[in-house]
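Here's the structure, in structure tokens; my notes come after.
Going in written order, the chains are labelled A, B and C, and every chain counts its residues from 1.
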Amino acid sequence: MSEKRTSAEMGLPASMRLYSETTVALVIFVLLAALPVLVSGYSIYILPQYLLYGMLAMSLGILWGFTGILSFGQAAFFALGAYAMGLAAKWGVTGNPAYVGLLASLVVGAGLAAVVGYFLFSVGVRDVYFVLVTLALSIMVEQITVSQSQITGGYNGMFVPRFSLSFGVGPELDLSSDAAIYYVVLPVVAAVYFLLRWLLKCPIGKVLVGIRENEDRVISLGFNTSLFKTAAFALSGAIACLAGALYGAHANFVSPSLAGVLFSTQVVVWVAIGGRESLLGALFGAVGVSALSNYLTAVIPEYWQLVLGILFVVVIIGFKGGIAGAIGRVFGGEAGDGGRD
Amino acid sequence: MTELLRTEGLTKRFRGLVANDNVDFTLDSGAVRCVIGPNGAGKTTFISMISGHLMPTAGRLWFKGREITALSVARRAKMGIARKFQTPSVFDRLTVDDNLELAALGKPVSAGERRANIEEVLEITRLHDLRRIVASALSHGQRQWLEVGMLLANRAELLLLDEPTAGMTAEETSATGELIRMLADSRNLSIIIIEHDISFIRGLKAPVTVLHLGRVLVNGSFEEVAENEHVRNVYLGHE
Amino acid sequence: MNTALSVLVDSTLITFVFALAALGLAVVFGLMGVINMGHGAMLTLGAYFTWFATTAGIPFAPSVLLAAVGVGVIGLGLEHFVIRYFYDRPFETLLLTWGFFLITTEIIKIVFGTDLRTVENPLPGAVVFGTVVLPAYKSMVAFTSLLILVGLALLLFRTTLGIKIRALVQNAEAASLLGLNIGLTYKMVFVAGAFIAGLAGALISPMLSVDPYIGNIFLVRSFFVVIVGGIGQVLAGTLIGSFLIGGSETLFALFSGQVVAQTIVFALAIVVLRFRPAGILRTR
């Protein structure tokens, strides 16, 4: 364990730390908001997808980075959200199917996670077994979506329409244009980011970090950690599911492979490389890696995944903080201190 | 003086090994008790059964008048039973302040009260100037005190201290003795201490319970116990 | 052959095939507590090495052996350069072995391409005993699996090496005080696990089309087999776990198709994990 001192200890007053994470995040989100004005075309089309991957990564970040619970099954929730969206449209529910789909995704995500989570955490199922269960969950969701092909279209997948949002008054906002859906996804992702940041400063957030650091101690201080862990898992499930719902609408398509093990574990790779204990690291780790993957797959397909694999191993062995951690260290502060500024 | 903790016939068996055998024990609020005995006497097992980390094979426990025999660790902690482990169990990567904050969150009080509580604890444990230091950077003695501080922030009413002076310098040890005295006298905390350091125990001037082979051998003041034939023989290995 | 008998035969064969696939993990995870997420990749490697050897003209049996040795060697490298530094950190081991899976899979794709490969079935056809029809190759694999299990049992319970390994598993500190070279023993056990996994992949290869993810389906299955059967019960546990997992899959597949059957079995395994984390067989 290294001798870590705060910036106050090193003689630098806290105010000199210009690069607090919230400031950086604000700057980035403002830049992103301005982007469609300056650029158009493919980047604007594809960026919401990466941002939603980022949201998915944040769902793992809050679970793994902040509570210490690793999940290899986030993709299961992601896919379920997308299917919820598709089914809401397909079954022609009353009211705006978009809202139904989004709400359903939140309920399904939180509900499934809460049930599975409590089932396991309440008896103290150990972390590594939990990883295995989430892995199995991914496979199970993939298999269910394949087998129930009358509902889900099986291997061929399902079409998800670009919905329009109605606000009760005024015309409906049609989201078929790139810019329109961009300006729906970006605020949602930003909102989730700031919500999670706020949560980490709340008592519940501190307890989650405590659970990551020393669960026994947290129990000995009087907390029912199974409830907290279940809550964290439920929150992460809801976020992942919501991200999936928006993704489905954006990509207009969902297929079983979205739930699969390979995608689920990609999320872990993104978060590990981006920096698991930094929400911004997780978010832009996902955006960066998936954007790069997309670009490089056209150029040098095989080797990129190999490089990612090697990078992943390197991060696990020596650079737990990922890229965000490295950046944090460069700017003279503590890396991975539970989300404090 | 009201009775805070009571055990009756407390027994713990591990597949043929009897770690605690029919232990009857009482402690009043605001009282300090030292629990001593040779290695393997069952001291840590006894403490574990009070904190809830071990469930008794037989016997019952009461705390503040309520039976707690079947309650979990977290439930007992909420009631005010706090345990300090042999190796300091704090949140290494969090600052001293954060450690205390988390501990204080264990009890439902307002944020203002929590803050005041933490400030007080920082003073008592002399960690005020170190509040923004990460716990892993503290000295061993300071970590021990941080852990005690956390228990105070958690509004413990019964402190279970397992070898609190292990690894401390002479200075730290005597300061710990003073701290314990102060906590019992002015804050009315009850404290059970497992210790091996004889001079430390003598300095505490508190009643002593001697355990041997899982049973209570004798109860009394330090002087009475020190002069007891049985106790001497046990420590010399004759019994 | 009437249905009940054919189900029984199928289940028995599947049990032994699953047991073979899971045995490598039972050794590494069950005995050493190493969470080898690369177990599936080792199976895949075994399959590809076999394909490569047979396509190069080497007869089937030697190819299988070569494949197993190849995977064993890779396992040795993995243990020596990476795993042995993380024995006390299960989470890191989990992630690192997963990294091994990622890297290995990509290398396989680069070297062998992603097209499906086939390994020729050296024993096609079936053997008929009265009303019982036994697929020849599958039966041979099941029989081999039985032999390996018996051999492993003899090794663990009748040889000095076996005693050393079991001592190490029970209490590493005491074992080292008795003069046991812990590092070397762990190495041997890990390599044995890799070898067996490679062997399993090799033997299973003619039964499935070989692609870079062929081993993956056995990854989660094998973990459940080991957990349900009981960690540390390398032989009885693996058999019972395989029977429960494999047998259930076969049984449910009769009613609802392969895919749903697996989902149900996984769900049941999760329930078992929750209620009996020590496995179906109570550990002594």
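The rule we apply is simple: contacts are C-beta pairs under 8 Å (C-beta built on N, C-alpha and C of every residue); 3 or more make two chains touch, one makes a residue touch a chain.
Everything numeric in this text was worked out from a predicted model, so none of it was measured.
*Asks:* Between subunit B and subunit C, how many steps is the shortest route if every step has to go to a touching chain?
*Replies:* Steps on the shortest route: 2.
*Asks:* Specify the chain most distant from subunit A by Cα centroid.
*Replies:* So the chain farthest away from subunit A turns out to be B.
*Asks:* Could you tell me which chain's Cα centre is nearest to the average position of every protein Cα atom shown?
*Replies:* Smallest centre-to-centre distance to the global C-alpha mean: chain A.
*Asks:* Cα centroid separation between subunit B and subunit C, in whole Å?
*Replies:* For subunit B versus subunit C, the centre distance works out to 49 Å.
*Asks:* When the C-alpha atoms of subunit A and subunit C are each averaged to a single point, how far apart are the two points in Å?
*Replies:* Subunit A and subunit C have C-alpha centres separated by 33 Å.
*Asks:* CA centre of subunit A versus CA centre of subunit B: separation in Å?
*Replies:* Inter-chain centre distance comes to 43 Å.
*Asks:* Where on subunit C is subunit A touching in the complex?
*Replies:* 35, 82, 90-92, 94-96, 98-100, 102-103, 106-107, 109-110, 216, 220, 223-224, 227, 257, 259-260, 262-263, 266-267, 269-270, 273-275, 277
*Asks:* Residues of subunit A touching subunit C in their complex?
*Replies:* Checking each residue of subunit A against subunit C gives 70, 119-120, 123, 125-129, 131-133, 135-136, 139-140, 143-144, 146-147, 261, 265, 268-269, 272, 302-303, 305-306, 308-310, 312-313, 316-317.
*Asks:* Going by the contact rule set out above, which residues of subunit B touch subunit A in the complex?
*Replies:* Answer in residue numbers: 51, 73-75, 77-78, 82-83, 89-95, 98, 101-103, 105-107, 132-134, 136-137, 150, 154.
*Asks:* Subunit B touches which residues of subunit A in the complex?
*Replies:* Residues in contact with subunit B: 1, 3-6, 8-9, 203, 206-207, 209-210, 213-214, 216-225, 334, 336-338.
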